[in-house]
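Read from first to last, the chains carry the letters A, B and C; within each, the first residue is number 1.
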Amino acid sequence: MGFKEYVGKRTLHGIVTIMLAVTLNFILFRIMPGDPTRAVSGDPRVDTATRLALIAKFGLDRPLIEQFVLYVYNLLRGEMGISFVQIGRPVIDIILGRKMINTIILMGSSMFIALFLGIVFGVIAAWRRGTKTDISLIVVSLATYSMPVFWFGMMLLLVFSYYINIFPIAGTITPGIVHANFFEYAKDYLNHLMAPMITLGVSFFGGYFLFMRDTILDVFTEDYMLTARAKGLSNRKILFKHAMRNALLPMVSLMGVHVTFLISGATMTETVFSWDGLGRLIYDSVRNNDYPVLQGIFLFMAVLVVVANILADIVNAYLDPRIKEAVE
Amino acid sequence: MPVIEVRDLVTHYLTAQGSVDAVSGLNFTVEKGQTFGLAGESGCGKTTAALSIMGLLPSNGRIMGGQIIIDGEDLLQKTEAELKKIRWSKVSIVFQGAMNALNPVLNVGEQILEVILEKEDVTKSEALDRVRELFRLVEIEPSRIIDYPHEFSGGMRQRVMIAMALANYPKLVIADEPITALDVIVQNQILELMKDLQRKLDLSQILITHDLSVIAETCDKVGIMYAGKLVEYGEAGPIFKTPLHPYTSALIGAYPSIVGEKKKLNFIPGSPPNLIDPPRGCRFHPRCPYTKEICSQEEPEYREEEPGHYAACHYVEELRDTLRLGD
Amino acid sequence: MLKLKKILSAFIMAIISLSIMSPLLLSTPVAMATDEDELSFEMWTLDWDTISVDAGDVIEQMLRDIGIRMKAIPISDEVLYDNLDLEHDYEVYEMSGGYDPYPSHMTPRFHSSEIMDYGANDMAYNNPEVDALLDQANAELDFETRVELLWQVQDLIAEDLPYIPLFTSDDVHAIRKEWTGYVCMPGGIFNWYNRLTTINLQHEDQEYGADFIMAYPSYIRYYNPIMGTDGRSALIVSMVYDDLVAYDADMNLTPWLASAWTVSEDGLTITFTIVENAKWHDDVDLTAEDVKFTIDFYKDQDVPYDTPLMSRIDSVETDGDYTVIVHMTEPYAWAVNDFEDVPIMPKHIWEGKDWDWAVHPDTMPIGSGPFMWDSYLDGEWIKLVVNPDFWMEGKPHLGSFLVRVISESSARYLAISSGEVHSDRYELDTGFIDTADNDPNLAPLEDTWCVGMWDYYINFNQRTNPALQDPVVKKAIAHAIDKNRLVEIARLSYGTVTDTYITPAFFGPAYENPDAITYEYNVFLANQMLDAAGYLDIDADGIREMPVAVEEPDEETPVFEAETIEELEAEIASLLSSLSDTASSVSSLESDIEALNSRLNSSLNIAYGVAIVALLVAIIAVYYATRS
């Protein structure tokens, strides 16, 4: 089987999974209690005639099966519908815009930092197993791992944005000003990015660290590690060439699965720091029962998870010659 | 001057249950160009002895005493950094079952190359040339240096391991059960290759195995270990002809000779003792068919019974004829 | 064969997992029936609203003193509102309703025409007398007569007591102390009908041109002025668009875009005079034509907003550039008030558009109000700048008004305290009141204290527990609640006790009826009332039981026993009334059937849903089973 076929097959599996996800989230959101027109009309004071008109407008008075058929039909035509709440705005515009970029930047940077630190410190802790370094790293990582993201974010906000006042309190950019050039803009953006990035990075760090440390310890028991030591290689080479490369294989698979956790972490962080991303869109849409947007985000997320897993498999195949050969 | 001399080596493992006396008093010397065979059942301390020499004991392993002298220098007095330099350039090791001893995600050439570059001041292309040469030496197509371990068969992998062991032209190669995991035909090929290389390169070897027939085939000197102790040591010929220790005799009887005629196989009843709490007296006495009261009371002295032939048994003289094997 | 087995096992797995899931999916929250013989009720509170939850807990404790178990259960708004809208089987709830600037809540909350799915008369209160009086009040042009009619309505309701008003949660705002000029009006210093704050707000050191930043919990949803009815959008809409009339600080109607108006004697003609110097933000003059266009736009497109007003408008005509004449089909008492909620839209932009045109991102909203749209970053901020051509002389004072999204309430407070923003769109959460009280950066809370628009009340569903249909029980409950204590606990005293259904503190002293029926806090009296009505704690568990039911004698076919005409008439009248009782019970039966039907429908929908999932799971299971 060629590599292309392999990817093709994985993609097919992915599509089936996405189909399932789409169906489930259609059904679940409608079975759950909550009436979007409450949120749409904004205030319970809006009169009954208005509410009835809106219910009819969104087709919510039709049988569920009819709504579903319509939804699938529209989806196949590439239409994800119009937001109930931000009336008139196509869901696709809301999702695939600035919000997505903000989230990708936040998630990407914090994940990169967490991954980098998690791997490096994981390797170091495993190498110095049982020493003070190891134990203090474990304590720190367990603390960050079990710390609620929301709480930690609030603490950062209080300390760095309120008392010390070095980070802005909210948003992705200073509101209401026009930046002189892209450099200024980027500086402003980065300044806003720091606090949420640290929050999310710290909250991810613990998990990656512990996983890496465990995997490396496993790898240490392998015969080839004994060979590497017998060869009198430097510690750096033993750790980062021989141990880490093998330990990265399960790590990559973990990353594929981890995407969902990233999103939930992002939801919390984006809410605390008013970071205008998909996470906060989820939060707002859930609160307002904005089904079309939620369906859109979940579709997006399903695609993201599936793609992440396919990517993880491909990267694994690249890293691990055994899989690569099996694939080819 | 011998290539390696090991004197009174004592290695313990510290465990939660207590100290395991894995090696207690090991002595041997290997001369240049010689092969020394270290034999014994599983768990008798052979591999621990090898790891002690390489300085690769697991974190709970402790060398409690003795000397390991290579090139007139005692390895046990060296720092870790000095040991790193000595490893592979003076003494290398071929592990049991090369299946897992090679890193699965690096190609084999790279794994040999890195150790050459680490130890010697050569250019990459010189090192690469050497890797190819080593491959030719172990009779593998040099173009296969870019292949990954899983693409080789078991025997081929062991050849790669051997090539790797020779990478820095060490004087001494320790082979820890080098052929155990292989099938019989391949075993023979590997043994032939090792003999061949030894002759060509004037190598010294320590061959660690539980299979006495292999030792009989290849070794100049033999040491027999039981429960962490050397029970018999000497030239291969006398030991196989006139073993002085009941354990040696039993061990020889337990393996078929590859070349010799068919004999009835003996097996040794019982199992090796727990080394946390070894038996008093002679450690072999619970399984020894000739055991007497003194065996469980006093530890037999390790003596030179004949010139160059050492044994540790209370009844060497009495049993000499009983143990002699027919040739 | 093996394959078939695999498929089958996958199928079975799918079905098993579905059958495990289905009870979860199908379980819809239903009000639990409590012990029917006891005065024991479940009172729902709104879980995210701490005021509702705290007040609920206190009420539960208070009612123990009169032997009533009123279990306060915080519940999510989804479940609660679904029940109010469709299921209608809750027993009691306690939360806030929300006022408009005039008492428009009376008709929807108490008129029987609102007993329907999604209707505002949640509790199904049905009193033909109230209906008639409300209809009459809505058509009564004379304010004083109308107020008297409403007083009568209040008294009738107070006798039946389908709900007990508790208090309003008052509006105290965190606003930095360097800002002045905000106007306190019932409903808060920032509110969509409080047009005075935004034009008068100024910095203490800078009379004109200061930049004000306001924190919003989330981004403005609507750029469309018609739909911008949620509080967040409405404030911005009210700054960008003008209405014909506005309210002053005492909630009296005051001229705005209409400098004057007259209502004809018969109430069928309303004439507005439009200010002559108003301009749209794109420099086009605003004329009577735009006003006519706006009203016609609502009517032509059947816009579902402001229907009480628009459905009563027959036609509009202009007289010159600055006079608009509105012809009504019937007299409507609140017509001018309702115009406060109709944003006047520029004809040259909206002509040919649909009423639900999103405006943004096609273009930015163009109105005639004191502020104009300047720039925005979707999801993060909106910047309004002052309209230099605003028709009102010397207003507004600000240079710009920036709305900034800060999602988290603590973060919003911190931002105000640190000066990154200057105030919040909404009042302080109760949890922040103490901190804000001691914050030297903020204006004293007393200065920002306005009577709140959120009126908390206890609502008794008239459909469920029979004890809740007995006014004696509800009156005893009303007597047993110490409303001052509720305000102290639930809103740290920043609240106003409400005893009537139209709160004079909010709507103005004109609505104050000194003779209104109210229930003062008197636990002794409450206990006495219950004892007298036969609600006794027979089993001595601290909870009163229902009176022992007396078998009602079967009603015989009525026989006329009258001997005089008067007696005959009286009997006929009583017969008629019993007939109308029967009719109303038939109609209530019909509504029951309808409710049952709708529940059946929703269960059918769920069944469909489960079937779809099952089918999809099966397809996927088969797919996985068959792939090699």
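Operating definition for what follows: a contact is a pair of C-beta atoms (placed from the backbone, for glycine too) under 8 Å apart; a residue touches a chain by one contact, two chains touch by 3 or more.
As the structure is a computational prediction, the values presented were derived from the model and not from experiment.
Viewed as a contact network, the protein chains form an open path, each link joining two chains that touch.
Taking each chain's centre as the mean of its CA atoms, B is the chain most distant from chain A.
Taking each chain's centre as the average of its CA atoms, chain B and chain C sit 89 Å apart.
Centre-to-centre separation of chain A and chain B, using mean CA positions: 54 Å. Centroids built from CA atoms put chain C at 38 Å from chain A. Within chain A, contacts with two or more other chains are made by no residue at all.
On the chain B side of its complex with chain A, the touching residues are 54, 56, 59, 83-89, 92-93, 95, 97, 99-107, 114-115, 118-119, 148, 150-151, 164. Those residues of chain C that touch chain A in the shared complex are 25, 28-29, 76-79, 81-82, 85-86, 97-100, 105, 108, 114, 116, 118-120, 211, 213, 218-219, 221-222, 224, 227, 229-234, 304-305, 307-308, 356-361, 375, 377-381, 383, 400, 402, 404-408, 410-411, 414-415, 417-418, 420, 601, 604-606, 608-610, 612-613, 616-617, 620, 623. Remark: chain A residues 129, 222-224, 226-234, 237, 241-242, 245-246, 249, 319-322, 325 touch chain B in the complex. Across the complex, chain A meets chain C through its residues 16, 19-20, 23-24, 27, 30-35, 37-38, 41-55, 57, 63-65, 68, 85-89, 97-99, 154, 157-158, 161-162, 165, 168-173, 175-176, 178, 270-274, 276, 280, 283-284, 289.
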